[in-house]
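I've put the structures underneath this note.
The same chain A turns up in both complexes below, where it pairs with chain B and then with chain C.
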Partner chain A sequence: MSETFGAVVEQLSRIPGVRGAVIAEKDAGVAVVQELAEGVNGNALAALAASLFRRTAHAGRASGFGAVSLVQLEAAGGHLLAVEAGELVLVVVAEQGAQLGLIRLEAARAGKSLA
Partner chain B sequence: MKNTAADIQRWSEEVARDPRSLAFLPLARAYRRQGLRDAAMQLCLRGLQAYPSHAEAHGLLAMLYLDAGDHERAADEWSMVLRVDADNFDALRGIGFCYLEQDRLSRARQSLERAALIRPSDPTVQEALRVLGTRQDLVAGGISGPATAGADDPWSGEAGPFSAAHVPSPTAPEAQPAADDTRGSGMTFTFEPVPEDSAAEPDAVPPAEPEQAPGGTGRTDDASAQHGTGVTGDPTRLFDEMMRDGPLLGALMVDAHGLVLAGRLAGGNAGDAELVGAVLCSAVDEAVRTVQHLGLGAWEGMLVETDEALLHIAPVAEGAAVVLAARLRTPPGWLLRLASQAADRAAAWVEAYA
Partner chain C sequence: MRRTDLPRLVEALREPIATFVRESRVRIALLVNGAGQVLAQHGFTHRYEVMNVASLAAAAHASSRALAELTGAGRWEHLHHGGASRQLFLAPLRTPVDELILIAIFDADSSLGLVQVFYEALEQDVAALPEFKAARHGTDQANFERDLEAGLEVLSPDAE
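Let's look at the complex of A and B:
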């Protein structure tokens, strides 16, 4: 299984503009496997992204919009994607000018394969 | 509490040794008390680089900006405090006073009433609410304030480094409001939002000042402020043009507390809109915290895909956010562009009605 995880993050990391990918336990916020550019803190990324996903998922359900499958943060210095993968969450950090369409597609596909 | 020279020396050494040391905060407070505003500000700004969500540091920075007469930045910092701690009394009171000084009466009431819930017996908040009630009564009675400047910034009095005070003109008593001055009511309130060191703070009270909104904007009441903005009356219809065609299910503007300011859900009732606004905006703090900690810069928005909809939340101004809900399978790029338009529309609304 860990090989599958490793292959997923490696493939995502190869997309131009991606600074890193992490698979984290959704509830614990702990990184299971990660592939990150220098300067990206995998533990912090896993903890923060998992927490964001949990909070947003709760908000989505509570507001009647159903289960959340993807959260995409936009910021001045880049993007963060967190994709549902069963008990895991797949997290991708990308630069501002990255190919977001491709990243979203790949991340969604990978999230389904991990779930 | 007075700090000794030894305390200051110790904190200074700690900060020099470790730039991430939390000693920056007591040291900045001590500098502020000594009137070393620039040094205190530098410390706060540097500390906030290491701890972007440090509510006390944002609160102290707000006071430093206030000392410098920069009320907008002070209000911004208090907004940051409220993002981290929605029930922070000092921030609610501070931002409420700023709004009151700017005659943004609805927002002032919102903040001050929340502050009053937290500390019902605080005399400054009670006084401010009384002043607010007087002004709103006068506005309701059709008496509007001056439309141009000609008065000083009411925060710019010569308050000491630890307090800002506002003593409205005693020449305009509450019972006899002048037609060109809705705010002179003979009332007095004093603002001392750093209570932890209040014993060390002088009771500085600036001289009485003429009444006028900062910057001479002449904003006098919530209703008249809309003129000339192109933003029309019914707030629930703010985004209706966008919802007329296409897959949008609803558009809401909510404030920092998750209260709906404008917009609606298509086919839903007001209760649904309030629920969506409140619940979705509870995730905003988490989003802001995440981008700050990861060094991604300022938060600009959040796209959320669910089983039933595509949602977007984006900041507008003063802690407000716009929430868009679109049908499932709506192109995300389309929603992002629409979010930008909605943010512009919301910003104009804030400008007109705040």
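Let's look at the complex of A and C:
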């Protein structure tokens, strides 16, 4: 199983503009596997992104939108995508100017394969 | 640790503990020294609960450290109990002069990952406090109950 996880983050990390990816336990917020550019704290990213996903999912349900499958955060220096993957959440970090359409598509595909 | 140090330490720890509680979203947090002396607390409503948890945490810390050494596991990092509704996180918090013990209790509003992240930040904040840079006298076993009471007097004067 860990080989599958490793292959998923490796594949996502190869997309141009992607600075890395983490698979984390959604409820525990603990990283299962990570491949990140130097200087990115994977454990903190896993904990905070999983928390962000859980909170946003609650907000989605409270708004009557149903289940949330993807959360995208835009910041001055880049983008963060958190994708539902069953008990897990797949987190992708991308720099400004990255091909977000392609990254979203690949991340959603990877999330489904992990679920 | 001397009784006279306590009010100063409690005051110094107030802000770092408040930040930890706010950011990690834990329900209960308790910071004690190796002798079970209470230095900071958030979320307890009864004095006897603080006293019991502080004593048990000091014992758990001592036995975890001994077990880690005995088995060659090296420095112990943390204990985590994932209960059905509440979870417990117990970890040593290292400063230049003292090894403190953090006990955090949290529910679904937080997560183990969040608690770990902000525990590390708390450890850095506490280690940077001037109050934890100067050497102080240790507390021996004979003074355990006196120190425990002293901590509770400072932290919960209006409790039971």
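In this text, the second predicted complex is superposed on the first by the 115 of 115 C-alpha atoms of A that agree within 3 Å, B and C clash if a C-alpha of one lies under 4 Å from a C-alpha of the other, contacts with A are read in each partner's own complex, and residues count from 1 in each chain.
Convention: a residue touches a chain if its C-beta (ideal position, glycine included) is under 8 Å from a C-beta of that chain, and two chains touch if they have at least 3 such contacts.
Just so you know, these numbers come straight off a predicted model, no measurement behind them.
Room for both chain B and chain C is found when the two structures are superposed via chain A, with no clash between them.
Taking the C-alpha centre of chain A as the apex, the lines running to the C-alpha centres of chain B and chain C meet at 70 degrees, rounded to a multiple of 10. Applying the stated contact rule after C-alpha superposition, one finds that A:G111 touches neither chain B nor chain C.
Shared-chain residue A:D27: touches chain C; no touch with chain B.
More residues of chain A lie in touch with B than with the remaining chain of the pair chain B and chain C. In the overlay built on the shared chain, the residue A:A44 is in contact with chain B and with chain C. Aligning both complexes on chain A leaves chain B and chain C separated at their closest CA atoms by 5 Å.
Contacts of chain A with chain B, set against its contacts with chain C after fitting on chain A, overlap at residues 44, 48, 51. Every residue of chain A that touches chain C in the complex is listed here, in rising order: 24-25, 27-31, 43-44, 46-48, 50-51, 54. Of all residues in chain A, only 40-41, 44-45, 48-49, 51-52, 55-56, 59-60, 62-80, 93, 101, 104 touch chain B in the complex they form.
Against chain A, the residues of chain C that register as touching in their complex are 82, 108, 110-114, 116-117. On the side of chain B, the complex with chain A involves touching residues 272, 275-276, 279-280, 282-283, 286-287, 289-291, 293-309, 311, 325, 332-333, 336.
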